[in-house]
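Below: the structure, in structure tokens.
A, B, C and D label the chains in the order they appear, each numbered from 1.
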Amino acid sequence: MKARQVAVVGSGPGRVAEAEEVGRLLAERGCTVVTGGLGEVMAAAARGAKEAGGTTIGILPGTSRADANEWVDHAVATGLGHMRNFAVAASGDAVIAVGGAWGTLSEIAFAKVLGRPVVILEPGLEVEGVDRAATPEEAVELALSRARADA
Amino acid sequence: MKARQVAVVGSGPGRVAEAEEVGRLLAERGCTVVTGGLGEVMAAAARGAKEAGGTTIGILPGTSRADANEWVDHAVATGLGHMRNFAVAASGDAVIAVGGAWGTLSEIAFAKVLGRPVVILEPGLEVEGVDRAATPEEAVELALSRARADA
Amino acid sequence: MKARQVAVVGSGPGRVAEAEEVGRLLAERGCTVVTGGLGEVMAAAARGAKEAGGTTIGILPGTSRADANEWVDHAVATGLGHMRNFAVAASGDAVIAVGGAWGTLSEIAFAKVLGRPVVILEPGLEVEGVDRAATPEEAVELALSRARADA
Amino acid sequence: MKARQVAVVGSGPGRVAEAEEVGRLLAERGCTVVTGGLGEVMAAAARGAKEAGGTTIGILPGTSRADANEWVDHAVATGLGHMRNFAVAASGDAVIAVGGAWGTLSEIAFAKVLGRPVVILEPGLEVEGVDRAATPEEAVELALSRARADA
């Protein structure tokens, strides 16, 4: 059976510690961590996963694998720019949002279009109809409990 | 000078009359109406524009021009699926949202990522930091007043 | 009935005169000319179409309509980079290639994936299984005769 | 240091044995094998890599990870349809083509647009300016010798 893949999305230098914790917890539960492959929340989530011995995928906006942060094991260069947000959302069996702005909102929207479970870590974007969690632990538990078995 | 292009996004069978009015008003002001090229709000906005003698562009999710509704003058087949929402938002000097669900939220998010002015027609999606208008007239005036001159 | 759309693809400063002639001939036959919206062959084909009173669509790689050359009537900003070549090919009922290099080859390949008729103007890329024409007139006649009625 | 990623592209039921051998040889040399994640040549290359204890990435055209063949370790769901060919080409430090038709030609074209080394295994598509190899061994050696150190 393949490892579950969970996407961690978001941004904001102030959310790095939480993102790292989310990545670590996901890896401890055997999940592969999928991110957009760049900095801040993306790098922190990947770093946390690697610290826990996990595996990471980075789905990059540009055309060069060299853009990936150092904690990305497997880099996919999409050339899609902002639209790579769709592939990040689509490649997670669930999506956890940490901080973030408009780009993160697009990822949440696409995840919902695709029926993927989404959890917003508090404090986070205000989006009606999306689950929220108070801590990284709660976010990970909620995301995994809702992840589609068939995704 | 080229005509301004304004994107009309959204969905919902109950919002067709308003979308048609938005399309008509945009055409009367000399704007080309850009939509996703399919049904409901998209078709209504294009129909309204054509009734007023305007020009319409449909940016389709699929690979066939034949998918466009009959009020689309110029159909672009992107093959992008849901990601064509990005091209719709990017191709408008401003974006007006009428109704809608998660797909519309992705278009609003992308428009904001790109710095495009966005106006949500009431009642509409709750998105912090996005202008709102009570009527089609107000939505069109607000969108045009904020459209970037250089777009 | 909607105007036929024919995509003109290619590159090369030495092919500008031929591309302009292709654009002109397509417009004279009532076709809308679709290009990638930038320079050289793309600009020349659009300019030729406008000289003949035609209509032009530019499908841009970037996110700003301002990137379009001055002969583009309707600009679609895709943000797709090189992948916008797919949308160019998909948006033509037929595709005519004038000069070009690897990007043009991707457009020819995608047009064939989609079953669109493709004509390469001599001298041009060597691609097995693609029709060739000796002159702009012949290229336009061949492309139109093979354009799918249902596209 | 990260593992090199090499994309194996192509199609054709008659080329499965060679594709499996290419995948096996790449894994033996420590490369991660990137494919489009579906059947025939894609599945065979991934299967070969797994038989040799390697790691595989599948870059899927659709929106569901469940579409991946069983030898894909890490599946990226792009929703890009045919355009996912770009991401496959972009995600390889080199590209090896086994068999194939128009879709494969688009991958070769995009790889060349991006400056990635490409090797066509004989018998294969006729594309001017692309290296050719007579055997899977030769294809793998040639691809690796030309892979950009910085990709």
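Annotations
We take it that a residue touches a chain if its C-beta (ideal position, glycine included) is under 8 Å from a C-beta of that chain, and two chains touch if they have at least 3 such contacts.
Source: prediction; values computed, not measured.
Across A-C and C-D, the chain pair carrying more C-beta contacts is C-D. At the interface between chain B and chain D, two copies of one sequence, more than half of the residue numbers in use are shared by both copies. Centre-to-centre separation between chain C and chain D, using Cα means, comes to 30 Å. Centre-to-centre separation between chain A and chain C, using Cα means, comes to 40 Å. Shared contact sites, meaning residues of chain D that touch two or more other chains, fall at 63, 79-80, 82-83, 86, 114.
Contacts from chain A toward chain B in the complex involve residues 80, 82-83, 86, 102-103, 105-106, 108-110, 112-114, 126-128.
Those residues of chain B that touch chain D in the complex are listed here as 63, 79-83. Within the complex formed with chain A, the residues of chain D that make contact are 2, 5, 32, 55, 57, 59, 63-66, 72-80, 86-87, 90-91, 93, 114, 150-151.
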